[in-house]
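Shared chain: chain A. Partners: chain B in the first complex, chain C in the second.
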Partner chain A sequence: MKTKFVSLVVAGMCAAAPAMADLVIPNLSYRTGAYAPGGIPYADGFNDYFALLNARDGGIGGEKVSVPECETAYNTEKGVECYEATKGLGSLVYNPLSTGITYQLIPKALVDRIPLYTPGYGRTSAANGKVFEWVFNYPANYWDGASVAIKYLLDENGGSLQGKKIALIYHNSAYGKEPIRTLQDLAVKHGFQFVEMPVDHPGQEQKSQWLQIRRDKPDYVLMWGWGVMNAVAVQEAANINYPMENFIGVWWSGSENDVIPAGAGADGYKSLAMHGTGMDYPLYADLKQYVYDAGNASGNGDQVGSVLYSRGVYAAVVIAEAVRKAQELAGTSAINAVQMRDGLEALEITEERMEELGLPNFGQPFAASCVDHGGPGAAMLQQWDATAKKWNLISGFIAPDQDVLEPLIVADSEAFAAEAGITQRCN
Partner chain B sequence: MLYREAGDFKTTYSDDSQTFPIRFDRMGYYVTLLIAFGVIPLVINDYWANAVFVPFLIYAIAALGLNILVGYAGQLSLGTGGFMAVGAYSVYKLMTAFPGMPVLIDVLLAGAITALVGVLFGLPSLRIKGFYLAVATLAAQFFLVWLFNKVPWFYNYSASGMITVPQGKMLGVYVTGAQTTASAKYLFCLIILVLLAVVARNLTRGTVGRKWMAIRDMDIAAEIIGVNPLTAKLSAFAVSSFFIGVAGALFFAVYLGAAEVTEAFSIQKSFLILFMVIIGGLGSIFGSFAGAAFLVLLPVLLKNVLVGQFGWPTDLAAHLELMIVGALIVGFLIAEPHGMAQLWRLAKEKLRLWPFPH
Partner chain C sequence: MPEQLLYAMEVTVNGLMAGVMYSLVALGFVLIFKASGVFNYAQGVLALFAALTLVGLKNGQVPFAHVINAILGTDLHTFGWKLPALLAILLTAGVMVLLAVIIERLVLKHLVSQAPIILFMATIGLAYFLEGLGDVMWGADIKKLDVGLPQGISDSIERVTDRWFGYGFFIDNLDLVATLVAVALVASLTIFSQYSKQGRALRAVADDHQAALSVGISLRFIWVLVWSIAGFVALVAGIMWGTKSGVQFSLSLIALKALPVLMLGGFTSIPGAIVGGLIIGVGEKLFEFSVGPLVGGATENWFAYVLALIFLVFRPQGLFGEKIIERV
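Our next item is the complex of A and B:
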């Protein structure tokens, strides 16, 4: 029995190696399971941008980009399998869109010498390039998000949150727990009361948490949710008539898929946004011409222009720019993963460059360095308009409170360095 | 013709009571061991180790453990995921507390700790059985996962609640952490599996196993003929939890490298391993291996065939994979309710008569 299976697997594997392209950027996506509502648009955006580069420019620097996709279902075991299956193809960079998988890949990336790019998720302290040579999470991370949300609330309350009660409803996993330490420190600094409310995977069962919210009446509710948990939370908040304008999600809890199911009840719900959204950018004309109309849109093509689609595009834009930078530094267009890391570390994205790319006022300008793998960390706020079915930006970029974040990042990354026996760089 | 007892003369009692009394079986066993130890480590690469062999070996250990409890002692348990988590968190605490210790000792100690926890949660089995016991062990599953998620001491106060395995060595070779080679991972798990499988096989053939089976078949009758239900049931829980704890420790330390309890050791894990045991065959050592192979390798194989060979979209392939595996499980259980081990037994019966059936 066993031998038969093994021989079949061998046969499968031999045939599995896809055609080798010059620049391999795997897309570890999830289009199935409880997190598919988030995974599908992101994967589509990521694929479509590279499809555009291939169709319009013939790739990057004359090299075609190949984006082999591998289904992880947001599951760490499948994530390992996908990583191992694709790393032999000469992969340049990994973007697994899962904090759990990121934690697994961080030590592997170090040994295999393949960079990880985890924009807006993953291990926050990877922002410290002194310790995390192979991991990049610019332009913003979870702790930035937590700080931006509190800063926004400070502005709303005339600079003081003294005596207010702020609840965090979070996915009870590495992802959801990330902002807690920051929020605890911020609570001490600004004198608000902080309440934690975990929601277990997959997040469909939240009755007790919202009952508690109805009883305790926190002034504000922050949410670190993902997948079906978001839509359920918005629905529950609407059910208990919680004032939606006091309910703020992180950028992973602010897509159309999260609010549309709650209908009119979701009106006024806010979320962080680390980039613009919608199709009012010149880039979409090219995407339409070269990708959608050519019938090469990824997936069903029905996610175009949504928040998470835009985020997938944004991640692809940053990776493509880093590839360009790496090609420039290496003096060759066929770069390898080590050169890709150099490109990521030397990457600078200015507003002019974003405009050239057809994405004016889409993301914040940033420049990475040996020390700084985390970027400026600013984010905007957006609010859902249920009648127009549209997210409206309601603030400019708000910078996080680096005084609080800096020591936390240093402490956490140094703990990792001590555990993993890493000597710090960039001295 | 080849597979037969005839002509295989046994002249000593130990010959007569050996594990594989038929020569052909014995040869097969030695050849399998030879390939597993002598050939695979030389050719294995990262993909084969991390996606195929290491998970198979670890799940086989877990299935062996659960089979002892469910298959041999007849105590239904849904707490496997929780007990694996005990193994994983024990090995993590041991490795971070005593960095220089050889990993094998950490893993065995983790198994021992899990055995203690298993005995504790096995106590209700003295009063309740069947589905009621399943519910009691289900409580263990939820309680343990909650505990490891709630108490920061277990994950060394890390910000995210993730545990990440430190680099660990065995005889000067890395066996945990990112620097581990594919063959070291594979061999480490294989050695533990072979040792535990030999132990399991001999336990189940001896007095202890016979007591378990007596309890399984009819506990009152067993008690009347002098089997102490207290020791029999608790020893089954202890041995089973030891195996499962070792599997959990390896699952976290060697295979995943980093884990969070809600995702890696959820109720799904308990069901997955229970399905392995049921599909493989209750009360069979071979069945544990067959069940683990079926449920670990088949999805990987299907994925590689559907996505790699046919080039289908990954989501379609993932959905089809679930449907195919599900259909095969149902089909298998209808065709042979006693699992793959029974199919194997029937095949051997037929082989004995081949090519001249009555």
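Our next item is the complex of A and C:
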């Protein structure tokens, strides 16, 4: 009996593990817990794109892609456990989808020599490839987002924010605090008053913050929220009749989940967008043919084309392109994590390439380098139409103010280098 | 009147309203603890489960659709009907009663005479089970809950206060409804426990379940009854909080807001849950208003617990809890 049980366990493990020749790209997802509504569409988009490559192209460079999924519940400890449990599978790259998990994995990735890809989240100063050899966060990071929001407001105000009051309502966590330093510097540069308003996890009760906003009447409110905090903030803004067109969230506060609960009250709310959204891209015809209609979709299909699904697809597209580049550089299709890092560092995605991939005008072109792991950092603005229940892009890509960001990134990354005893590279 | 004072008054009123919302969650804990001495860790998840079920029934969503489709290769999502809000609420209340029966049959019945800590551990397991069941039954996506409750600023209160003080107060219509509901709920529960046969039986079990058993009161019936009432209270809390933020899995975390209320008001007192909620609501809002700006804000979560701890030092049983003296 005991032998049978052991045999069953071993057989189960063999079945669950990817074949040795597969390109292993773990998906650290969260489909349970308080943040599941955000984690599910992202994970589905990520899985579906690789399922498409396997079904349509036979994988990448002839190698099938295996995407073992591990549930983190957006919990840092569980995320680290997932990393430890899957790194032995020959994992090429990790996309942890959590700033907290990313911070914990940065020193581990350095030792294990496995790259991290953290698009639009994680440690902002990882954009400095001189210090963060194993971390990549292109095409945009939090500080880019803060700067883009201010540049947009500058455009809206004839180039001056002098005397304006801008409040930041943020998730009281490492993630939510990321843009503060940038906004403080931008406030000095442009002469606006900057007010910080933290909201504790999970953010279901925000009456104090919105009473303060009602009293102080800031000209604009920026939001760095996640999960229920976003939906409650949008509802509270509607409750106090705050002009929604003056309320702008970062890209993690700009999904359908954040506005649908507030109904008509959310109309006009804006957010940053680092990629396009919706299903009006040729890629979706292939996804439909090879994945959805073939019964290989990751979810139940109701999230397809949503903002966070699109972001999951985008992350998978960038990783797949980096795999191709790595295979090209290494001269072999069966690459390892070190070669994958080389691919991520030499990656260039042009608009022509995005068109070939079936995603024209979806994301900004960028070229990584030894120094630049952060990309151009541009973002667009989108606005919610509550009647049509859809996001509409209202600007093109706006580049961030690198004059302000560059010194901040250098200072923060050099502090990390000194603390971790890292010798800077790319000289 | 100085504007700061008027603003403090507005914060106080809103604190009272927030306190009522906390009390709605705390009431469920009190009912079960009062009747069985069990701290029901699953109360927050019961609110989530009730809200998920309500939205699912109202929108005609097929339960377990994801599983059914995966097994049978079908493409089921909805039944194609939309139920009126009241009917959906009644059906959900029925589901919560059914859930109470199942919990009694499958869990509580087997744990009679066990130490309270064992029952507490069982409710932890129940919480995780119900969270998973809710996910599999109704999906983890965020859902809008609209049962016709008004939301947004009360224009009449803003107008009146503006006329009186020259400063229009913000009061959310949803909070006003929650207050009325809480008053009705407490009144009904008090009348039920004082004047009905079942209510008296419930109190007898709460006082001494051995003695209650000896006079023929069915402990199993009382457990089903009290879990049903707690399920109904969870449904009310789920409606209020779900209307506010949409129905999503973080709804179960509202239990965290109820704990300091219970510590302050006492685990066995229904009025205590209300008064405790009001004190916590006002206390945390005024502290955030006056001290928050000096310490970087976001004080509400921890201050509620500090306030409860201070009360605990002076009244360990809470404001309205029963003082238990055990003599050896």
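Everything that follows uses one rule, which is that the second predicted complex is superposed on the first by the 406 of 427 C-alpha atoms of A that agree within 3 Å, B and C clash if a C-alpha of one lies under 4 Å from a C-alpha of the other, contacts with A are read in each partner's own complex, and residues count from 1 in each chain.
By definition in this document, a residue touches a chain if its C-beta (ideal position, glycine included) is under 8 Å from a C-beta of that chain, and two chains touch if they have at least 3 such contacts.
Quick caveat: nothing in here was measured; it's all calculated off a predicted structure.
J.: Between chain B and chain C, positioned on chain A by superposition, is the outcome a clash or a fit?
T.: Pair status: clash.
J.: Looking at chain A, does chain C or chain B touch more of its residues?
T.: Result: the larger residue contact count on chain A belongs to B.
J.: For A:N172 in the superposed arrangement: first (chain B), second (chain C), both or neither?
T.: Both chain B and chain C are touched by A:N172.
J.: After superposition on the shared chain, which partner residues are touched by A:R31: those of chain B (first), chain C (second), both, or neither?
T.: Touch partners of A:R31: chain B and chain C.
J.: If we overlay the two complexes on their shared chain A, which of chain B and chain C does A:E205 touch? Say first, second, both or neither.
T.: Once the two structures are laid over each other on A, A:E205 reaches chain C alone.
J.: Once the structures are superposed on A, label A:I422 by its partner contacts, choosing first (chain B), second (chain C), both or neither.
T.: After superposition on chain A, A:I422 lies in contact with neither partner.
J.: Which of the two partners, first being chain B and second being chain C, lies in contact with A:A330: first, second, both, or neither?
T.: Neither partner.
J.: In the overlaid three-chain picture, which partner chain does A:V338 touch, first (chain B) or second (chain C), both, or neither?
T.: It touches nothing on chain B or chain C.
J.: So, does A:R123 touch the first partner chain B, the second partner chain C, both, or neither?
T.: Touch partner of A:R123: chain B, not chain C.
J.: First (chain B), second (chain C), both or neither: which does A:G100 touch?
T.: In the superposition, A:G100 contacts chain B only.
J.: Answer with first, second, both or neither: which of chain B and chain C does A:G263 touch in the superposed model?
T.: A:G263: touches chain C, not chain B.
J.: Same chain A residues contacting chain B and chain C, which ones?
T.: Common to the two interfaces on chain A: residues 31-32, 36, 40, 172, 198, 200-201.
J.: Show me the residue ranges of chain C that touch chain A in the complex, using the header's touch definition.
T.: Residues 7, 10-11, 14-15, 17-18, 21, 65-66, 69, 73, 77, 131-132, 135, 139-142, 144-146, 151-153, 170, 172, 241, 244-246, 248-254, 257, 285, 288-289, 292, 296-298, 300-301.
J.: Given the complex with chain A, which residues does chain B contribute to the contact?
T.: Chain B reaches chain A through residues 45-47, 50-52, 55, 96, 149, 158-162, 164, 166-167, 177-179, 255-260, 262-264, 266, 289-290, 293-294, 297-298, 300-301, 303-305, 307-309, 313-315, 317-319, 340, 344.
J.: Considering the complex alone, what residue numbers of chain A touch chain C?
T.: Residue list for chain A touching chain C: 31-37, 40, 172, 196-202, 204-205, 207-209, 211, 214-215, 227-228, 231-232, 235, 238-241, 257, 260-261, 263, 265, 295, 300, 302-303.
J.: Given the complex with chain B, which residues does chain A contribute to the contact?
T.: Against chain B, the touching part of chain A is residues 1-2, 5-6, 8-9, 12-13, 15-18, 29, 31-32, 36, 40, 69-71, 73, 75-77, 80-81, 84-85, 87-88, 99-100, 103-104, 106-108, 110-112, 123-125, 172-175, 177-178, 180-181, 198, 200-201, 299, 412, 415-416, 419-421.
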